[in-house]
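These notes open a run of structures that come right after.
Below are two complexes that have chain A in common, paired first with chain B and then with chain C.
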Partner chain A sequence: MSKSLEAGGSQENGKLLLLGAYFDFIRIRFLTMLAYRVNYYSGILIYTLNIGVNYFTWKAIYGGGESLGGFTSAQMTTYVAVSWMARAFYFNNLDREISSDIRDGSIAIQFIRPYNYVLVKMMQGLGEGLFRFLMLMIPGMVVAVLLFPVELPTDPAAWIGFLVMLFFSFLISSQINVITGLSAFFVENNEGVMRMKRVIVDLFSGLIVPISLFPGWLSSVLDVLPFQAITYLPGSVFTGRVQGVGIWNVLGIQVFWFLVLLIPIVWLYYAARKRLFVQGG
Partner chain B sequence: MYHLGLLWEYLKNYMKTRLTYRADFWVEVISDLLFQATNFIFIMVIFMHTESLGGWNQNEVVFVYGFFMVPFGVFSCFVNMWNFSERYIVKGEMDRVLTRPAHNLFQILLENVDPPSLIGSFIGLVIMAISGANLGLPFEWWTIPVLLLLTLSAVAIYTGIYTALTSLSFYSDAPTGILPLMYNIQNYGRYPVTIYNRAIQVLLTWIIPFAFVGIYPAALFLQRDEMRGMAILTPVVGAVFLSIGLLCWNYGVKRYKGAGS
Partner chain C sequence: MNAIEVQDLRKTFKVQKNREGLKGAFADLFKRQYSEVTAVKDISFKIPEGEICGYIGENGAGKSTTIKMLTGILVPTSGQVSVGGFVPYMEREKFVQNIGVVFGQRSQLWWDIGVIESFQLLRKVYRVSEHDFKKRLDELVERLELQELLNRPVRKLSLGQRMRCELVAALLHNPSILFLDEPTIGLDIVVKSEIRDFLKDTNREHGTTILLTTHDLQDIEALCSRVIMLDDGRIIYDGGLEELKQRWGTGREVQFQFGAATRLAQLVQWTEGMPVTWTAENDLGAKVWIPLELNVSDVLARVVGAADITDIKIIETNTDEIVRSIYQSGSADKPEDKIAALQEEKEAAHV
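Presenting the complex of A and B:
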């Protein structure tokens, strides 16, 4: 990087420098999280407990029954485990971070810096996600596989498809968080909005109940909402309910929502810059 | 009397701040209701696919859920320490609290009262009444006093657990992710614990006793004899866990040296 600095301040170098800065945001967040890793060991335990409780609840619901909403009992176990572990990865508090930046006014400083604030938040989210993936999701998955009858996919396409989709889960979930966070520009205290978002995402993404088990009208509503792209679609690939060409289709849905959600973010970002007034300072 | 007076003053202050942000107030009430509604949807969906959950029918599970909402609403109203670490430790407000005469925990709870949460308790009572009527449960002379006692015990359990966990902030200033996760786990106390395996049952009964804020006490009204003993134990568990929580807290405060800001 220092070499490009010497080469003079051409625009090309400036861009490279900025790109490097964005990568540094990922790195720094990852290292910050690493410093607090001990706190996350309890996270593995608690996520395992979540899987356990849901596993036994579904077992009681199945009773002797064979299939519910197209899920066999074994698929359901796998689905529950992988959905919770995916959440361990994609979950972050970008909404809280953004709205506290807005509330304490530090967003004003962030806005005048030569980077894109939303992009920086996404990068920090990615750094956190990377940490969560390595320190929470992978070990958690190992524990879950040891404790519960989880069936891992044998088809490499399912693995690759799942990992790509998991990344999009992260993107979409973070986009929703960014939108929720930026809403603080418009309703100074957005605690309620954030709480509402959390509940809606957990329920409507299919984490608590797979979408195909909802009553028909509700699942057809959820089919046209972005939440299914966070948990339900990747989970369906991992459990092998969606295979072959189907994987491309569900990936297409995720890409579609990723692009669509960019629109409100860009709009909010510019509307917010115009609207910004700092409370008290 | 002194403490009641303080409570009144803080509530007046609360109303004043809330009236400045009227829209937020309603957003919060609606988000609370929505939260309850989603849990309700879960129960409805379950019973679309099965007749009974571990031997409990839909009305019984809904009744337990109604009971669960009552102490939870009271607890969320008076004990609201989600941002304790950030606000009091990191930003140093704890120092201000400690210089005042009333007990520090009491002050912190008062500064964060959240009366809209009580709406959840009322809805819980309505749900209990409706599903109770569907089940033909008798309304005895002891129903209301026992409901009060069990609600207070359950609130004591919540308060004990969350106070103990929050007091961890005195020992480490790191952002702990435990509280929100615990929030998930407490919901498991409102399903028949007998559907879980032994380890989870023991955990939810004796270690983080969330079964005592939902299924056990509610079973008393549902005349479920197999859980009567547990239901009667609720006040004891409440007292024990509240004491543990307060001990952890007071010890933490003694160790507290300020964040230096």
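Presenting the complex of A and C:
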């Protein structure tokens, strides 16, 4: 009796230890990024530059006009600034990391460990995300607010909603990265797939052009794709175009896509193990 | 109890074919052609608990593929595998708790963090309690003399230092079965023998079953009581090392240097009626292979009496040569058959 209790206890303990390991992956990635932080000072500059280019482009497009696709000029400026800064947080190279693990065969090491490889990758992505949030997104946002007429929301609900949605942006974007990375199991060289993904995510998430400005047929197609949940929806909340109950609706869409995207990941993970071909013998 | 049981294990890979030329490349764009490569062809073997078994074969013989199926990395195309009572690819996460793996050519430590941090992380990954971990780590660190390396980042270790750390990483959770894929590759002699001693001790003290692949036959001689030899995906020998040596090493080779040109036909004629095999290196050099049942001196007597000899060298076959000749023939069956075949070939060439 006491023995079985003990076994139960140690199993519980084991789960806690594994959880601790997953947190370590976040921490270690964060510290590793911190060690190479100089790379990121230039990042702040590049993102600010991107915001600047977009800001002046949109200013020229608006001319003296009042509103475009439901955005006022001020909202557009805020939208551009927030979208790029959000990208600083959710963007990561998990696709590249996974496909290089697969292509150089070091994936073998990952499969001899009693943990879930995809989950470990997500944790590392989160560690990178937290680093980018603190070292790139927040300072970048301060610079952007100083340089451009960005209107920050006053409603705390918008802030909280935005931060929660930002986290889901990260999840969905990372899930798409994981799917792209795992495609290396099936395509000998998935470089093209990765580049295509990058362009598609930047364009269809509404980072470059807000989705409401796309032609009607295209924006209705994008409505049923997961990309809008990465940039467009959180951006709409932050600029105040979506308020109150609407926030719950767009959050619902994000949760929906988070759950739906788990399906291809699980499927790919198991299908991949069947046809896994470890490079280099 | 068997630690490892393998029955009719097979692994087939689908490999993309690249057609030749511009036309072929264009055709490949639309319709890929695949060819099937069978890396492991219906092999069966059993390894009892506590045994150290060497798994050898040429590059591409299917050694690594087998190891990867035994460790649950690859899913077999057909056949049964049971390792430590588990089917490796089915309950992977439970199964790997029980095994340790070292790939000589890949690191399982995290490149950017310190050695001790890597170990701590592995402790959590393998759910080892702090108490067990400390005990085990102290033991391993002392045995492998790693005290000074613990706080260094992995990327600053030499290959020999790293390999010793890899062994610790693979053994921290005290696995009952240890897989080593070319563990001594690229190491110097001192580190190699340290690692061999360590593996021997681990096997003796903890009863760890060890399966290792290697190209260094000294590893095998130092460690293994049993050898499984693989060629082109099939097992061509499975048995004791001594037996292998006896079966193949029961002959000697004698090298001759002649003072005057001596033709091969002449040499064959001198030793007529003896089951020996001559090979000519050039006009002034030849060697003869003499089976054990024949006295070397008998052969020498016939040649020495007739030829102008400047030098004689008698060579006992060692494991390296045995293995090399088995690889070349692709079979570990009776050497007599091979010699007979060789002689036939020679006769055919003379006709």
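Here is the rule we go by: the second predicted complex is superposed on the first by the 271 of 281 C-alpha atoms of A that agree within 3 Å, B and C clash if a C-alpha of one lies under 4 Å from a C-alpha of the other, contacts with A are read in each partner's own complex, and residues count from 1 in each chain.
As a convention for this text, a residue touches a chain if its C-beta (ideal position, glycine included) is under 8 Å from a C-beta of that chain, and two chains touch if they have at least 3 such contacts.
Quick caveat, the model's predicted, so the values are computed rather than measured.
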Partner contacting more residues of chain A (chain B vs chain C): B
Partner chain in contact with A:Ile61 - chain B first, chain C second, else both or neither: first
Partner chain in contact with A:Leu49 - chain B first, chain C second, else both or neither: first
Chain B versus chain C as contact partner of A:Ser169, first or second or both or neither: neither
Chain B versus chain C as contact partner of A:Thr239, first or second or both or neither: neither
Touched partner set for A:Thr77, first chain B, second chain C, both or neither: neither
Chain B versus chain C as contact partner of A:Ala108, first or second or both or neither: second
First (chain B), second (chain C), both or neither touched by A:Ala21: second
Chain B versus chain C as contact partner of A:Ile200, first or second or both or neither: first
Chain B/chain C common contact set on chain A: 188
Complex contacts: residues of chain B adjacent to chain A: 21, 23-24, 27-32, 34-35, 38, 41-42, 44-46, 48-50, 53-54, 172, 174-178, 181-182, 184-185, 188, 191-192, 195-197, 199-200, 203
Chain A - residues contacting chain B, complex: 36, 38-40, 42-43, 46-47, 49-50, 52-53, 56-57, 59-63, 65, 68-69, 187-193, 195-196, 199-200, 202-203, 208-209, 213-215, 218
Parts of chain C lying in touch with chain A, wherever the complex brings them together: 13-14, 16, 59-60, 64-65, 68, 71-75, 89, 92-94, 96-97, 99, 101, 103, 105-108, 110, 112-113, 117, 120-121, 123-129
Chain C contact footprint on chain A (complex, rising order): 10, 13-15, 17-18, 20-21, 24, 28, 32, 35, 105-106, 108-109, 111-116, 188, 273-278, 280-281
